[in-house]
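Below, each structure is written out as structure tokens.
Two complexes follow with subunit A in common, the first pairing it with subunit B and the second with subunit C.
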Partner chain A sequence: MSLLSVSHLSLTIQDHSILHGVSLSVDEGEIVGLIGPNGSGKTTLFNVLSGFLKPTSGSVHYRGQDITNVSPSKRAKLGIGRVFQNFGIFREMTLEENVLVALEALPKQDRKNLGNLKDVVHGTLDMVGLLSHAKKKAGSLSGGQMRLLEIARTLKSGKTFFLLDEPTAGVSPKMTEQVADLIRQLKIEGKTVVIIEHDLPFISRICDRVIVMDVGRVVLTGKPQEVKKSKELQELYFGAELV
Partner chain B sequence: MQLLMNGLIAGSLAALIAGGLALVYGVLGVFNLALGQMVLVGGYATWWFHVPLGLPLSASIVLGLLMGAALSWASFELFVNPFYKHHRFLPLVTTIALSMILDAAILLLWSERPRSIPTTGGGMISIVGMQATFTQLTLIMCTLLLLCGFACLFHSTPFGRKLRAVVQNPLAAMSLGVPAPLLHRIVFIMSGVFAAAGGIFLGIDQTLSTTIAFPLTIKAYAAIIAGGKGNIWGAVLCAYLIAILEQLLVGVHWFGTFYVSAGYQSTVALLFIIVFLLWKPQGLFATSQRLA
Partner chain C sequence: MQFFWHIVAMICMSIPNILGFNLIFGKGKIFHFGPIGVSTVATYGVFVPLMHGFSYPSAIAIGFVLTMIISLLFAWLALRLEPDAFGVMAIAIHLSLLAVVINWISLTRGTRGLPDIPRFFFLQTTQSFALFTFIIALLWILFLFVLHRGSFGRSLDALAEQLWYAGSLGIDRRWVTVIAFLIGGLGALITNVIYCQYVFLVHPSDLNFPVFIFFVMVVVAGKPGSVPGVLCSLILLTLLREGMRFLPIPSEFIGSLRLLLFGLILFVAVWVRRDTLFPKARSV
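Entry: the complex of A and B
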């Protein structure tokens, strides 16, 4: 059985149809890339999967449970984590507090299993080279550092399924490699990841499968190398087939 | 020096109200224009429990605070929650309606006669040339204790961290499992308790009257605009600042030639809003952020 299963998902907001019968599934342990031109509905689909938007029709099942009408915070407690396109950090809180708030939001038993929260916080910051900034406010970090903080915080918050929305946007090549390493580590740990990205080489390097969206529909799915060579993708991204 | 003491007394009242309001604005981004009436309900309810019903003052205060919490909760469910998700300015209209309903209810229940909550402890105490009654000093101390308690809760507990997370980035907080809608309710109820505490303060120190609801609301908004919208401590500090300026305006013999009429005292808050909107629209304590 798939970990996540989306069937015939449609969303209309103020007479504007954004998603049209999207159906897809993601297996446990898989790393899936979600690509497509701007406005194709990728982030909207993530918002529906996170519970921030309710679909007009269709359903979302997670571990066999219908979560279509489950609130975002309850989905988080089920193990669904999200990294936002526009930095989901708390700028007026220190880096320590940014991680701590994620750990404190975990169910009681999961929190107990982590042991000393302070050690987990420091371990998380150390993992992405931000331990020396632990007492600084997150708003003082560079864009790349904010991204690393958000990813590290989400990864260490006991989630098993991750929705990463453009995790390498505004990140330097060196930090992009750090992000790729973090995602690879998740795969080793058996976690499941769906990534929205425009960086096709990045997607090719780390994803097991790629789903292509256009105007609110899934238009193509397959292994990265197959999708990369497809005429549909080249036309979507470059307006014509590459010679 | 006496003006400073008067400012501290008036500022403590304003700080209680503005602190709760700033919390609501910071978390929900909505304006509650029925705040002044919520203050009055807390004060009048305490008076009603204590004077006509004859309950002890401490029990009456607890019941007054509970009334504030209950009213605030009901207001949130009926006048804010169904609207603010569609547009955060909608509660501007719905809370004006609520303020009118509460005005009418206060008149109906307690009539328009000014009321005071009687206390013992009216003896004057002198501190470095400043005179205040024992009751006034107790009120200042209670306000500072309440604000310090809230500061501890807000900055040093898991609950406070969740609250601040929701203030700063509600979507990210929810995606981590923080139940933002529940915290929205709790914050609104807390602001109601702060408002009721302000009303009790007012009833003990001065008199409760139906005409003061709007000036109280304006003062609280002046404090939160000047303090940096949603910055609780900025709002609290500016509430004290406005109260001290009000006292200075009417208490100082300007240039040794004239006094400003007490009728102009309430214009200080309005002037404060205008000056801050022109000089520092983001507020006194809005923090700058790195842009790249």
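Entry: the complex of A and C
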């Protein structure tokens, strides 16, 4: 059975149709790339999967459970983590507080299993080389550091399924590699990841499968190398087949 | 010396209500413009039954239930309306409640208010009021300080900064909002039960819109969300308000002058904090 299964998902906002019957599935332990031109509905699909937008029709199943109408906070408690395009960290809080607030939101038993939260916080910051900034406000970090903090926080807060929205956007090439390493680490730990990205070489390097979206529809799916060579993708991104 | 005890009592009895409001409006950045609406229900919820023959414990129990109900109503609206719409709705509810207490004369005596409010047996002097309210204020400050610094405070901060980011971590907005409003309601109840005994009177003029302006001014001037800042601001502004009685101007002008001065202070405080007063819209 798929970990995540999306069937005939449609979304219309103020007479504007954004998603048209999107169907896809993601297996446990898979790393899936979600690509497509701007305005193709990738982030909107993530917003529906995270529970921030309610679909007009269709359904979302997670571990066999219908979560179409489940609130974002309950989805998070089920293990669905989200990394946002514009750095989903709390800039007015310190780095410590940013991690702590995520750990405190865990169900009581999971929180107990973690042991001393302070140690987990410091371990999380150490993992991404930010321990020395623990008491600083998160707003003072660079884009790459914010991204690392966000991914590490999501990882340590017990999530098993990750929705990463452009994790390398605004990140230096060196830090992009660190982000890639973190995502590979997720795979090693058996986590499942769906990544929205425009960086096709990055997607090719780390994904098992790629889904291509255009104008609110899934138009192509396959292994990265197959998708990369397809005419449809080249037409979508470059307007014509590359010679 | 009597004036000193009076000032201590006035400041300390305001603390539960003001810090409760600060939790919602200052820390939670929820446009709750109806704290005096909650105070109206708390005040009349306790003292109408009391004046109709109920004992103090029963009257306070009735007032407590009614205050929690109105707090839940505000929390429900805050969760369902856009922030600015909730702000307008909260003002409308406050003014509607005020209209009810002014016009339901058979129950509330309207603008004549409810006189001869009996005091607790241990609150017979200004000094005893000062001491009692000081203890209550200390306990309330301690409670809110722990709340602000703990996981509840961090959840409220996270929700205030970005709802979606907080939701994606598993922070339950409904739960946090409801708790914040219930604590605010409890603060309103404590303050008003003590204040009405202090002045022997329940009067709608103590529950009108300028009182809300004073609340906003205290929170904004003190730094929204900061317990020490709001406490300092409350002390200074209460001293200013009470101290104006000693100005060598006719007493009929003092009320108007006070409003003008408070309006000016509020304007300056909002201007100074214009960048940090409310959360900036951040896309996801």
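Note that in this section the second predicted complex is superposed on the first by the 243 of 243 C-alpha atoms of A that agree within 3 Å, B and C clash if a C-alpha of one lies under 4 Å from a C-alpha of the other, contacts with A are read in each partner's own complex, and residues count from 1 in each chain.
The rule is simple: contacts are C-beta pairs under 8 Å (C-beta built on N, C-alpha and C of every residue); 3 or more make two chains touch, one makes a residue touch a chain.
Not measured: the values here are computed from a predicted model.
Undergrad: Answer with clash or fit: subunit B and subunit C placed together on subunit A by superposition.
TA: Overlaying the two complexes on subunit A (C-alpha atoms) leaves subunit C and subunit B clashing.
Undergrad: Does subunit B (first) or subunit C (second) touch A:139, or do both, or does neither?
TA: So A:139 only meets subunit B here.
Undergrad: With both complexes superposed on chain A, which partner does A:185 reach: first (subunit B), second (subunit C), both or neither?
TA: In the superposition, A:185 touches no partner, neither subunit B nor subunit C.
Undergrad: Tell me the contact category for A:50 with respect to subunit B and subunit C: first, second, both or neither.
TA: A:50: touches subunit B and subunit C.
Undergrad: Counting only touches as set out at the top, which of subunit B and subunit C does A:77 meet: first, second, both, neither?
TA: In the superposition, A:77 touches subunit B and subunit C alike.
Undergrad: In the overlay, answer first, second, both or neither for which of subunit B and subunit C A:17 touches.
TA: A:17: touches no partner chain.
Undergrad: Should A:85 be classified as contacting the first partner (subunit B), the second (subunit C), both, or neither?
TA: second
Undergrad: If we overlay the two complexes on their shared chain A, which of subunit B and subunit C does A:172 touch? Say first, second, both or neither.
TA: Neither partner.
Undergrad: Hey, what residues of subunit A end up touching subunit B and subunit C alike?
TA: Shared contact residues on subunit A (touching subunit B in one complex, subunit C in the other): 50-52, 71-73, 76-77, 81-82, 84, 88-93, 97, 100-102, 104-106, 157.
Undergrad: For a test of understanding, state which residues of subunit A touch subunit C in their complex under the given definition.
TA: 43, 47, 50-52, 71-74, 76-77, 81-82, 84-86, 88-93, 97, 100-102, 104-106, 157, 165
Undergrad: Can you check the complex and tell me which residues of subunit A touch subunit B?
TA: Residues 50-52, 71-73, 76-77, 81-82, 84, 88-93, 97, 100-102, 104-106, 137, 139-143, 150, 153-154, 157 of subunit A touch subunit B in their complex.
Undergrad: So in the complex, which bits of subunit C are touching subunit A?
TA: Residues of subunit C touching subunit A: 151, 154-155, 157-158, 161-162, 164-173, 282-284.
Undergrad: In the complex formed with subunit A, which residues of subunit B make contact?
TA: Touching subunit A: residues 158, 161-162, 164-165, 168-169, 171-181, 287, 289-290, 292 of subunit B.
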